[in-house]
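Note that chain A is present in both complexes that follow, paired respectively with chain B and with chain C.
Moving on to the complex of A and B:
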């Protein structure tokens, strides 16, 4: 076995930093883990949704009489049954549970049937008569910019289909470009892509005789679903309990409240029956919520001495029919370019358009992936033009620790420089770059990502994450967290926090997560926030527990308990973590130093000064004498961050991750096939809590990035999804996965729990431009359209040949 | 859209006599029926409600139709031999490594464990408009193959056209078998008949096989080649789980150069040239490329655009030849 801790500093932790299998992995591989659709409720009705075959239409009439008359059909819902629309963002609640009067995309729910069996429900769908008036569809974002009398969302009172426009400018662009040695402008195009998670959407609803519902759903955001459902169904939140069972992949595709969840809950309430619904893969593609189709023009000013002098971009993103996370996506298309390099003069203009297509939303690397491709390709072009080494150039430009970006992001820890240097050494970069034979190439690209959005979606003053912790009479520890394990391993991470602080084995920690009746609020699994925020909350709950146990141990040993003095507030804006915990406050602080003169290990609590110990269990029993219950809570709050300008909140994060990729490719110049031979990754996730999980994320990001780079795209014809299956929507197979080399990369983040930052999303973006830059090194072409399909490679090669012929 | 199959009557005879009686009975009664071998092509089409037979006769219980044997210079392959068994069989690996390779290029291990050789040479033609969910098909007007009056890829097509439907031929194994001049034995109510594999295929996306409703393939016979060398190359964006966007099989002997194409037209292409003089070999290669290009009718009904697929035909033919020559050295 490879030692995965090699290359990382030894901080003397017992559980943290060790490669541990995810705590639910055994149940999953044994087929014992219950996913939403595996749950067996008593005698449920099956729900099926009738979907629109047209991307744009008016519903003139809808006749459900015959369907309702079918034996076994218990109810039918239509748009008229839902008054309130919803959306994950408070500022764009524009989606109805079922289309009402107007159809805005092919596949939109028109009606829903609940019946005793799936067969009856399907038969009933065929009996529903809908009279559509087909209307002209807006099928691309350019057309959507044109003035129209019939916008998709007339409630916005706009003369076209613009959903959100963001324009921000920092510094002086003209000045910046005038300081540049080279100015390059290029147009890029990106297809929309789908998350491709394994488990299709599914929801089951259980109802009791008092009208309380328990909603089991494959969701990344139980808390947002809870709120949206209460609003749509017009019942109090306490009548709704959201439970997330095991979940088979999200990647942002389950981070919205969904129509089928509203439909299922409404049926359960109306009919007083348990209900279930699951999507086919086609329905997953019809509802989509994937990465936005993007057209962007980017202009880079670059100086040999100063590095990047200015960067500007104009971007049009195709949002589809509804808002989803789109407003955030619109901002992220710009602000996520603020790292990993300093950009003194920066301007971005992004328009998100409504079109008659399935909506787009959040997807791994949210909004930052496509502009990252453009900027890293332009940077590579600038280096090539000036004759600079693109890896050395990047190395020089990476943010230094403890700096502010031009748009006032606080950059704290940065450990990428060493990682990139090591990646260059391992790949023999200097021996290969520009020196490989035609068809073989090596390329580099870097990226950067938030470790959780500092601001909540719904403005409130509550902590970003709260964790409850209990200890049983026998010493078993239970962590209760709203954080949503979607396969990324957050349950394991929460358990690791408790195990380390309380000196317990991982097996002694139980995690109950994502159940709104039992677990405190966590905002959900999105924006790579869970490790940083819920991790800190779990750690803080454990520290409070530790204090109780230490005090109990002291009582048993008849010694004075340690004094917990109020810590001095950090004066360093960039390092607010690692102080002594502030037990007088609800929030102990980020990543507090919990050393207290006691050692928790081998089932003992030992005083270092007195060299006396009690067993963990004795301390638990003693503590229980006082309270009868051993329970603590821990929270996390992001520090006050950001500038004062409009939109300053977008992209703010307590910390940022940094990534570099060096990719080696073989390009077949006759067929245009790009084969990625090797991907060497350096990802600064602060201190890796679980190298096995981090490496899994890296390998997954490479595979997912490979898909967007080489083959994945949503294909639409007249608004109809043409490839709604895993046969026709091309996700790379295992054959395409390159050799992966992961360079141990780390930094000292004072505020992340045990120094950790995100490792789930930031890795994805730079693999794609690294491939493109390697293709340039291999065959001398610049690809500006994703996916980089073989036919596009051939087209570019032929064009390059022609251009060369024309100039020589 | 459905996760369920429409209901149909499923029957599974366990020997050829039972099968014949059953088919005779169905024909007499005028029942609608279809055969299923491994089911890997039929079940997805049933789920998508592309067709809804009243009776599905599964052939999977008829062991007489399985297995590979050598009789003199002939290798006889039972039509129900799975692609996995085919790809890993010693006789096939020894005498027809290219056929083993082509079989191995089909889909994925799970599918190859069920899919049969007979099924692969019978695999229905595909088009991005017909092989869709019923919702997607509802979004477009029904095409000819769905008993409609329009073709979405040849907009001007009309009933009465020579080639009504352009659904593509997508078998990976057929081009290799065509170059090996395979014969197939067909069993029907009229008894057995033996035809050249090439005569099985018709140039229309809807009626693309020359079998009658009651007929099925029982075995495939291939003569052990004397001096022929073959090569098969498949164009697909990924190395598994894809039908060929283009497949090119090349066969080179001292006297002949022949090429078979899949993934393009409604029927496979087959071209031959006699090698008279190795001095003008290049000329002959370019001639056979021209023939293939003239045959190839490509439309935008695949992951790759038509022009690219067409442009890869000569590339693949030349690669096939040079690979064979390389191996011979």
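Moving on to the complex of A and C:
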């Protein structure tokens, strides 16, 4: 196996920075890892959901008598059984567990049956009589803008189907465009796409018949589910325990509370029985929550001397029937353009519309992916028009470290420049760009992304992340974290933190995660927050533990314990991390320097000054003498960031990752087929904690970006999902995946745990425009609609031929 | 209900089953062998692959009554106790496992490939992997793992 640490600085760590397999991979490769549907509860009822065949209708009547009379049917729920609606955002709680009176999308739950067997439940669905009055559906976001007397959500008191409008302007757009050598405006369109995780949604609920339920669910957000469920069921949160078993992929698609989770919990409570529900693949597509269908027009002003002088965009995003994460998506469609380059004059206007389609929500790269495509293609066009090298031009424009963006995002570490330079060298960029034969092309694009949202969804003063840590009498270390391992390896990352700080092997660290009864609150796995936030929390819990053990060792060695002085608060707004831990405060600080004159290794705790040691276990036993248990907590809090204007909180993050792609393609001008031959990626994730896991994220993002670029799209006809299966919703196979070259790219992030930033999402966005720019280099066409299907390639080629004929 | 005897991982199981029961349901619900996953229940994703007489088949598309008289091997029958098959070992080592939901099927297909082809080409490995949808890895690490396992098996470390 090649040395994955090559090219990165050696910081002398034992576990951090080393390629380690995910700690649950052995259980997974043997088939032993239990996913939600693998759990076997005692005598569970099976739940099936009746779904609306119409995208827009009034429910005139609902007769469940015959279904309820069927032998083996134990209960039926309808919209009337749920008073409260819910939503992941407190400002957008618009979704009912079951449609009440009104249907807003095809596939919406109309009723649910709990029965002794799946066969009986399915038979019962057929006996439910629903009398629908079909109403006119709002099928696209343009129509949704028109005034109507019957909007999807009349409670919002709007005259049309606008869910959220965001308009922000910075600088002077007119001035910016007047300074430009070239101004280009273009319209771009993007299909909605689905996460395509392999494990369908599943939930099981166990009841103890004392009013408590344990909800096993395939969720990325146990904490948000916990809160939403308590509100919908109208019971205290302490009666509910949410457990996330192994999870078969999320990508944002399991980051909302879902109707089926509410339905399952209500059945369990009402019937006093354990229950289970699992979606078919069709149901996964029906409930969707994927990337928004988008129609955007972007205008770029570019100057040879100054770079980007102005960028403006008008965007319509099709949210579907409910809110989901949509308000955040609306902001992210604008603010995630604030990197990786400085944009002095910037304006965005985004409208998220309600339509009678399955709702859209968060998906890997959330809100930033589609506008990134547009801006990187326009930048390429500007370079082509002026005759600049698009890679060299980008190199010059990448944010400098420790600067502010125009909308006051704090940019701290940036390591992309060296990565992009190396990617250019490796790909022989200068020998290839503009010089390859017709049909072969090379393209470049860059991007950036948040390392976790600095602000919580539910406003509160709690830490963003908290980790509890214990050491047993035999020296075994356990990390308790609410962070949600969805396959990205967060459990492994948490264990690495503890192992490094406490000088233990990875095997001596157990991780218990995502169980609301025993793990502290963590906001969940979304916005690429887990490494930065839960990672810092785990590291800080371990640092507190280390202090206890050092003091115990000192007592045993009869030496003075180290003095921990309160560190002076950092005056550098851009560098808050790396200080000594502040043990007088609840929060030790981000990424504190825990060097204390002791070395933890080989089962020993050794004083460097006295060259004396005790065993780790002796220190543990000593520390246990008084308290009886050895337990610490660690937290992460984002620093105070951002401007004072309305909406300034959107996109704020303690740190940002940066990515560049150089992509090489072959375009068959006869079939219109685009083959991505090679993707060279430079991703600055600070210091990679686990190169094996980081590379896996990069390759996975390439796969998903490739899918959106070339083939993936949700197809609707009159609101009806046309391709709810993996046969009709195509995702790339091993044959489409390109050769991948990962350029070691890093920076020194003072606040990320051991210098790390995000590596799960930001990578996805820039590969898509890099492909489009390579297609231009190959055959001279600008594709502005995703996916870049062969028919669109052929159409564009023919149009280019005609245009050429017309001008010559 | 029909009485049927199916050989799974070397043991014969006799059960009364509904004639419409799939092999996948039988493995998961009747035998509790939940290592075989149900990603779509309609033959699209490949996550339910098991070996039938040594050949990978989609257990969601096979009725359990059709499995009578055949030897079924599931992911639970691949490792020998704690000794992983070289394909499994390589999948762990090369980081070819993220969420892990497709992993059992990838292993089944990989093991079948390497036990029938000592020198698989890149194309053959891609073909083998294409039997299963993986949404996490981009397939690159799985390819590397199978290449590595092939080299190891040629060295005679296993079976």
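Here, the second predicted complex is superposed on the first by the 808 of 808 C-alpha atoms of A that agree within 3 Å, B and C clash if a C-alpha of one lies under 4 Å from a C-alpha of the other, contacts with A are read in each partner's own complex, and residues count from 1 in each chain.
One rule holds for everything that comes next: contacts are C-beta pairs under 8 Å (C-beta built on N, C-alpha and C of every residue); 3 or more make two chains touch, one makes a residue touch a chain.
The model shown is predicted, which means the values in this text are computed figures rather than measured ones.
Q: Let me test your reading of the model: by the given contact rule, A:199 touches which partner, first (chain B), second (chain C), both or neither?
A: It touches chain C, and chain B stays clear.
Q: Of the two partner chains, chain B (first) and chain C (second), which one does A:66 touch, if any: first, second, both, or neither?
A: It touches nothing on chain B or chain C.
Q: Based on the superposed arrangement, let me know which partner A:730 touches: chain B (first), chain C (second), both, or neither?
A: Once the two structures are laid over each other on A, A:730 reaches chain B alone.
Q: Quick one: classify A:40 as touching chain B (first), chain C (second), both or neither.
A: In the superposition, A:40 contacts chain C only.
Q: When the two structures are overlaid on chain A, which partner does A:489 contact: first (chain B), second (chain C), both, or neither?
A: So A:489 only meets chain C here.
Q: Quick check for you: in the superposed arrangement, does A:608 touch first (chain B), second (chain C), both or neither?
A: neither
Q: Going by the contact rule set out at the top, does A:25 touch chain B (first), chain C (second), both, or neither?
A: second
Q: Quick one: is A:283 in contact with chain B, with chain C, with both, or with neither? Answer first, second, both or neither.
A: First partner only, chain B.
Q: In the overlay, work out which of chain B or chain C sits against more residues of chain A.
A: Partner touching more chain A residues in the overlay: C.
Q: Thinking of the overlay built on chain A, is A:789 touched by chain B (first), by chain C (second), by both, or by neither?
A: first
Q: For chain A, what residues appear in both contact lists, the one with chain B and the one with chain C?
A: 278, 280, 725-727, 731, 733-735
Q: Of all residues in chain A, which touch chain B in the complex?
A: The touching residues are 51, 53-55, 106-107, 118-119, 122, 278, 280, 282-283, 286, 670-672, 710-711, 717-728, 730-736, 789-791, 794.
Q: Quick check on the complex: what are the chain B residues that touch chain A?
A: Against chain A, chain B makes touches at 1-4, 128, 132-133, 135-136, 138-140, 152, 235, 237-242, 303-305, 307-308, 311-312, 315, 319.
Q: What does chain C use to touch chain A in their complex?
A: So the residues of chain C in touch with chain A come to 28, 32-42, 44-45, 47, 74-76, 78-79, 84, 88, 91-95, 97-104, 107, 125-126, 129-130, 133-143, 148.
Q: Which residues, counting only chain A, touch chain C once they are in their complex?
A: Contacts found on chain A: 1, 19, 21-22, 24-26, 28-35, 37-38, 40, 195-200, 246-251, 278, 280-281, 486-489, 692-693, 695-696, 699-704, 725-727, 731, 733-735, 737, 740.
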